[in-house]
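We just call them A, B, C and D in the order they show up, numbering each chain from 1.
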Amino acid sequence: MSTLDIVLNDLVIANRILANEDIVDAYGHVSIRHPDNPDHFFLARSLAPEFITREDILEFDLEGRVVGSDKRAPYLERFIHGGIFEARPDVMAVVHAHAEDILPFGLTGATPLRPVIHSGSFIGSNVPIWDIADTFGDTNLLVANAEQGRDLAKCLGKNNVALMRGHGFAAAARSLIEVVRMSVYLPRNARALQKAKVLGGDIKYLSQGEIDARNRGYSPYSVETWRAWEYWANKAGVGHLATRPDQAKK
Amino acid sequence: MSTLDIVLNDLVIANRILANEDIVDAYGHVSIRHPDNPDHFFLARSLAPEFITREDILEFDLEGRVVGSDKRAPYLERFIHGGIFEARPDVMAVVHAHAEDILPFGLTGATPLRPVIHSGSFIGSNVPIWDIADTFGDTNLLVANAEQGRDLAKCLGKNNVALMRGHGFAAAARSLIEVVRMSVYLPRNARALQKAKVLGGDIKYLSQGEIDARNRGYSPYSVETWRAWEYWANKAGVGHLATRPDQAKK
Amino acid sequence: MSTLDIVLNDLVIANRILANEDIVDAYGHVSIRHPDNPDHFFLARSLAPEFITREDILEFDLEGRVVGSDKRAPYLERFIHGGIFEARPDVMAVVHAHAEDILPFGLTGATPLRPVIHSGSFIGSNVPIWDIADTFGDTNLLVANAEQGRDLAKCLGKNNVALMRGHGFAAAARSLIEVVRMSVYLPRNARALQKAKVLGGDIKYLSQGEIDARNRGYSPYSVETWRAWEYWANKAGVGHLATRPDQAKK
Amino acid sequence: MSTLDIVLNDLVIANRILANEDIVDAYGHVSIRHPDNPDHFFLARSLAPEFITREDILEFDLEGRVVGSDKRAPYLERFIHGGIFEARPDVMAVVHAHAEDILPFGLTGATPLRPVIHSGSFIGSNVPIWDIADTFGDTNLLVANAEQGRDLAKCLGKNNVALMRGHGFAAAARSLIEVVRMSVYLPRNARALQKAKVLGGDIKYLSQGEIDARNRGYSPYSVETWRAWEYWANKAGVGHLATRPDQAKK
């Protein structure tokens, strides 16, 4: 398989995993930067992630315009992806979703969403809350144009995740496997923190040193990381699509 | 398919979606106004929504009387539907359900159920709590006659949703797709708000301007709305019944 | 079918419903009084309710002794059933279970478990907490002999449900369908109440008049009650076993 | 079947049960001491527990080195098992997992995780919290060498369960069936306690006498314990592998 084939297959897998793990429902999406053209990215047409196949994937430029003549409707909020890919050359993959258990943390700043469990470390030590109203006033809350996408990317800054007030989150990572993993464990980290609040006392967050140590040890094709990707893919019914580039046939 | 065929098919789909999304169990129901006769509406006979087919749908007048000679038992609380259709000519579809996570908000007025997430915007800025005891004293809490249905409709007023104390909710919308969507996201909005309470601090609700902006942009057959309807219908096993009127064969 | 056949079939259905609705897991059981001999009752042998068939049902006397020569192991806690059937001639069916969401209410008396939702009304206005330690000191918390069963029945008194501290609940009703329905809605009522506590303000419980009104209207073979029984039985894969006595073939 | 065959079969069952009961996901593992060589133990290779078969099980010494020439990757955290087996000759089986609902109790010491429900009694009266940072400073939180495994075992001491701050738990028991049962009911006990906190008032924990009474009555092949093992195994699709040593064919 070519690199591009693997990338597109992986994007299908990512969609199915996010659906099966309840990170997305009819809404929410995941993209990957074009491996040969950093100014383009791949994202499905407007369809629930659970149903996405290779045929549903479109190519976009950073302004969110479809590349080519495909007339099928794209996601309204493709500008989230374009904005982040433009601002962050280091980012290879982006997720936007409404995973339910992160929503409370976008409604009040009183308890910041920070890593409390080791699998949550990849969200990073700072998760800013982007409120679309700060710049754009009363909107329908959707990121509906490139300007709004850029504003979100600006709030995200060098962080890995931004909460979007009353809406969801955007996550960015250096690989697709990492952004999926981050998205799956983000709500788990949120639940652990939310429930610890009920128990009282001071909550022990991961230290910056711990977050850094975990980050240094990360590799998408390490035994430990691949184990989860393979597991989630199998549970989502697409295990047969999973390919390790280092083991791919030529 | 005729308009009436599409309407009845859609009502079957709505029943199955509400069951599959845990909005109804053995109890709870959904109705649609007759497209040609605004003084009539369609509602299933007394059966759990998960099992409903076209053959189970009955026609009612606004007093909750079955039209025709069908002797099968109707839902006891059909008066909820009659009352709302009578009071609100703009309403085309009604849901009554006991979705668990909205129940706490009907037990105490201390935290009003208002939109905090964008998908919850359609419940509107004011969700009144109807307490059957206020007018009718000690009852079995069921809306068991036209007078009680009218009292509930009066409390609902121009709003989209009324909570029913110790019982559930009634939702009303200008289309079936909208009332289903509202019913699915109502408990999600409730959960986000309930959990944010634990996090402390001031909760940021959607502004009136945001609610209005979302409402203006709504259309049951927009790409974005249809995507969810199709997704939920597929998950509920009735995707094959879904028809877009603008694409229906003559 | 004979009355006894229907009773035993119904007991199988009850076991399967309670398993499928997460009221019991490997533990928990449901019994019915012998229709012809009020001093005997039927209860399965020691087996997870999800797997129980007609062949697994044993007959017991009120002391918890197996009637006949069946050597298969009975449930250790059959004395819960014997104790309640002995003390309460009006009771026809008993459930004992550990349904998770009722457990917190047995750990602290600060928030009594009382009906807040209409489907929870059947638990009655008073749900006492039985603490086995009050009479028996340090035990393994199981109701392991007739004396303990009688002590629990004494605490239950004329009520429908008793919580068992650190353990679960016992529910008693005038019919099998009612005790199953009560057991399914008991945790739902508990969850609604528990979550309302987080919202603040005074909680509105069902009034005694409302509880009485619902109780008066109850009949196991009413259209509304049968609808739920049939629904739960179908979901549990035993809908084909459900028989209405008034419609049973001779 | 030989004793070793039964042990390895049981280890497969344990893996599947823990996966099916949501105690482990892609991560988490369960081990059993070698029945003939107390200085060795069995643990699967690095694979999600849901997929583990007999062929995936490796043999280790207490330093966490694979016995034999198998080159497949082992779990990174096998040192948890080695450390506990070394320090505790009475322990025959160990589980390490990240079961979500125990995580909050590792984040704050304000509410100790102690038994409140009878099925939680086996976790014992004291569940220490091990914080890897106390001895090892900033790490990636994983137990990645024998020294860290020993430090965890030291914190565990004579107890049955240790929470691992920001990470999960380690449980140790005198039999595989017991450690699985303990692991399944640990999060249930945590949820009951966490929810009781919301209800207010003093929480009634199991007394030391009750914990002792339950412990004395425990036997892995008693009717009551076997019932759960068989139930969980059947639900996980491996009921056919379950064998009672006292009933095994020679």
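Convention: a contact is a pair of C-beta atoms (placed from the backbone, for glycine too) under 8 Å apart; a residue touches a chain by one contact, two chains touch by 3 or more.
Since we're looking at a predicted model, the values are computed, not measured.
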item: Minimum number of chain-to-chain touching steps separating subunit A from subunit C; value: 2
item: Cα superposition of subunit C on its sequence copy subunit D - rotation in ° rounded to nearest 5; value: 90
item: Inter-centroid spacing, subunit D versus subunit A (mean Cα positions, whole Å); value: 33
item: Shared interface positions of subunit A, touching two or more other chains; value: 198
item: Arrangement of touching chains [line / ring / star / complete / other]; value: ring
item: Of all residues in subunit A, those that touch subunit B in their complex; value: 25-27, 46-48, 50-51, 73, 76, 98, 100-101, 103-105, 107-111, 131, 133, 137-142, 165-167, 194, 197-198
item: Residues of subunit C that touch subunit B when the two form their complex; value: 116-119, 121, 188, 191-193, 195-196, 198-204, 206-207, 209-210, 212-214, 216-217, 223-224, 227-228, 230-232, 234-235
